[in-house]
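For reference, the structure is listed below as structure tokens.
Order of writing sets the labels: A, B, C and D. Residues in every chain begin at 1.
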Amino acid sequence: MSTKINRPFFVFNPKSYLYGEELLAWAKRADELALKYPECSILVTVPYADIAAVKNATEQIIVTAQHMDGIKPGRGIGHVLPESIYHAGARAVFLNHAERPLTVSDLSQALKRAKELGIQTIVCADSIAEAQAVAIMGADVILCEPTELIGTGQTSDSAYIQQTNQAIKEIDETILVMQAAGISTAEDVYRTIELGADGTGCTSGITNAESPLEMLTEMVEALVKAYKERG
Amino acid sequence: MSTKINRPFFVFNPKSYLYGEELLAWAKRADELALKYPECSILVTVPYADIAAVKNATEQIIVTAQHMDGIKPGRGIGHVLPESIYHAGARAVFLNHAERPLTVSDLSQALKRAKELGIQTIVCADSIAEAQAVAIMGADVILCEPTELIGTGQTSDSAYIQQTNQAIKEIDETILVMQAAGISTAEDVYRTIELGADGTGCTSGITNAESPLEMLTEMVEALVKAYKERG
Amino acid sequence: MSTKINRPFFVFNPKSYLYGEELLAWAKRADELALKYPECSILVTVPYADIAAVKNATEQIIVTAQHMDGIKPGRGIGHVLPESIYHAGARAVFLNHAERPLTVSDLSQALKRAKELGIQTIVCADSIAEAQAVAIMGADVILCEPTELIGTGQTSDSAYIQQTNQAIKEIDETILVMQAAGISTAEDVYRTIELGADGTGCTSGITNAESPLEMLTEMVEALVKAYKERG
Amino acid sequence: MSTKINRPFFVFNPKSYLYGEELLAWAKRADELALKYPECSILVTVPYADIAAVKNATEQIIVTAQHMDGIKPGRGIGHVLPESIYHAGARAVFLNHAERPLTVSDLSQALKRAKELGIQTIVCADSIAEAQAVAIMGADVILCEPTELIGTGQTSDSAYIQQTNQAIKEIDETILVMQAAGISTAEDVYRTIELGADGTGCTSGITNAESPLEMLTEMVEALVKAYKERG
């Protein structure tokens, strides 16, 4: 089974809010949605030590690590070994998140190792120049999240989304563009895809919702609908 | 079952050399030794994503994480959540290894979180002043490994071991002292325990041995013997 | 001339708010106060590239670097060479500030180099355990600033100040204790010294005052007065 | 006086080997060469606290900082404030050296601040992908130094130099390309410029030479000659 990320895609990113049994329940629900809507990819990010359990309990979602280091099996201690997360079941990884920024050189190494193993990379960038730099280094997905908007409930505006899309596709049109700033409702998801993003995602908009599982469902449905209508 | 680390103890630390099935085979072998010699504690360090599998396949060893961050469930992404590794089965953690050094403040936070969850801490220090500082901050085990000796095949000399022991026990006599610089034979293990260390450990001395599993066995036997004879 | 820091002492720490001519004017004013009240030490922290100009324009203040690295003359590029800041005129240095935290090992190296060169160290700690750890590693002055109070205008309470003092002096009674959380008026200075701190300091409380130079003067006078009355 | 870096250029980078009077003597000698060969730019990197003294004692060289942070005047402590090094006399800065790597985001911020102040940037990259990424982010000069060659006395081969040149000029042909791996003789300088580099530089090849000042002179002469002959 290929693990290439489809267009459109949705990332449920519970960060470090969830782990263990509770995370597992969420992942199973996301898996049901992924089986129901196989035309889109659903990624769930999980803490490293939860990767194996989530992988074993699901079929269709792309289990995603929060980070990995560009190391090879060897002396490293305390770093995240790509082979270890791959073996446990991760098929995608976030890199260079604002909470876990990477040096230019470490990002480059991590991207290289991800390609060797077949792990899809979602690389964060918080300006258009950074997004282009990251595109040149070979990201599979670029998350364009202006740092100042994270967690504020404000979405990126239409001009920003279109500029970013264009700047990235200019470098490499096969790179997927993710826009996820301030997504907190199904309408936000719809609008973001409508504006041209290849994928989106959400953290607190889901976990803090009155009916979280319903919110997750509605968001995935909005994603599928918007993408179909965009044509 | 208490997970307090006994005196003497042995740490098999394959760093990032092993993961997946091969690591599992080693962990099972270590577990047989741990069941055979219940008077000593045997710790096996594993990559984060391997914690659950190793825990599920073993009974007696203390599954040990290579690092963790002093965070609480919440926004962090890319960090190592203590609750996640605990839930997966880790009951001990290395902190401040030369390959993953921590700021004073981050170490202090990680020690606090470890105590809250019941995770034993093995904290690295590469000078006597640092060992005392770390003792005051509340480590359970201190690994006194002069950075310049790591991986050279040279063991710490007797004066260094005794000075370190004394300096640490002066601060808190319940702290266990681990000495592991340059351990590559069962004789090195014997001598280190004889000189007063509470525990020791090994990486390449085992994995590079002609008969690795035999070497692991001999080292654990030397540990038990030296500790008994020391009285 | 000895550069040992006297009891009491006052640190004017304009962080990165000031540089060049404006910083020079402030430093000269602080120098006049230092000459008028030679019984106390007045330290002024300055950006690295301003050290020489400030030293050349002043007589009595202790020119203080914002950080240095524990390196020796050699290959390092981009780090702060102790010999370079000493030659330019720095006789004290902040280490491990919350905005520039150091690993346990790097702090230990920096303290060692500072002692070799005769640079006084002001080491930050944000809990009592960290303050004791830092005391054992050999700081000359410890700044006990609970991270959560920095810049809030709230001072540390009396119990915190006394506990910290006691915890540090227990390890080494020659270490000076600095308390500077939330100092924004001359009364705050008076109260902090009265409660037993050896020194204090201020940033925005001075630069944001209606009459900044007057505020600096009043704070130094309050320091001298409180220390005399404390007896 | 414009501080734009000319083609060809030579960087004397004594890292942290030199400071104070000894550095000053070297800088003066480099300045004589810069006055004699005004058609090339000569840059001298110096520790932060030496910038002002070197600037005051020289006329023509471009005084270069070893690093700076992309911060604005404000709260930062322990970071390198761009305004402070500019005021002291720095007109160029190294960024992202292997010994002081920057995150993608911090590099982007530092480049932005450098442009605002008129500080030329020499950005290090250790692969062609990284060089292109850095070109897109807006470096003025890119130093293509394969990390594994630093300090080995081996120069980059002709194919590497030409590939790098092409990859960078493809993104922006105004960016200058510096090649400096393993430069230890005037012949190395000649060959590197002949192969198409816009500039080069040296550390230990000069300071360890039998007659260091003569070596510096010969290297600058080789640079000028090669560039003229290249046409």
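Methods note: a contact is a pair of C-beta atoms (placed from the backbone, for glycine too) under 8 Å apart; a residue touches a chain by one contact, two chains touch by 3 or more.
From a predicted model like this one, the values you see are computed outputs, not experimental measurements.
Enquirer: Shared numbers divided by all numbers used: is that above or below half for chain B and chain C, i.e. same or different?
Expert: same
Enquirer: So how far apart, in whole Å, are chain A and chain B when each is placed at the average of its C-alpha atoms?
Expert: Between these chains, centre-to-centre, one finds 35 Å.
Enquirer: When the C-alpha atoms of chain A and chain D are each averaged to a single point, how far apart are the two points in Å?
Expert: One centre to the other, that is 38 Å.
Enquirer: Please work out the Cα centroid separation of chain A and chain C, and write it as a whole number of Å.
Expert: Result: the chain centres lie 45 Å from each other.
Enquirer: Going by the contact rule already set, what residues in chain D reach two or more other chains?
Expert: none
Enquirer: Under the stated touch criterion, can you name all the chain pairs that qualify?
Expert: Taking the chains two at a time, the touching pairs are A-B, A-D, B-C, C-D.
Enquirer: Under the definition above, what is the set of chain C residues touching chain D in their complex?
Expert: 13, 15-20, 45, 47-53, 65-67, 71, 73-81, 83-85, 87-88, 90, 94, 97, 99-100, 151
Enquirer: Touching chain D in the complex: which residues of chain A?
Expert: 96, 98, 101-108, 125-127, 129-130, 132-134, 136-138, 147
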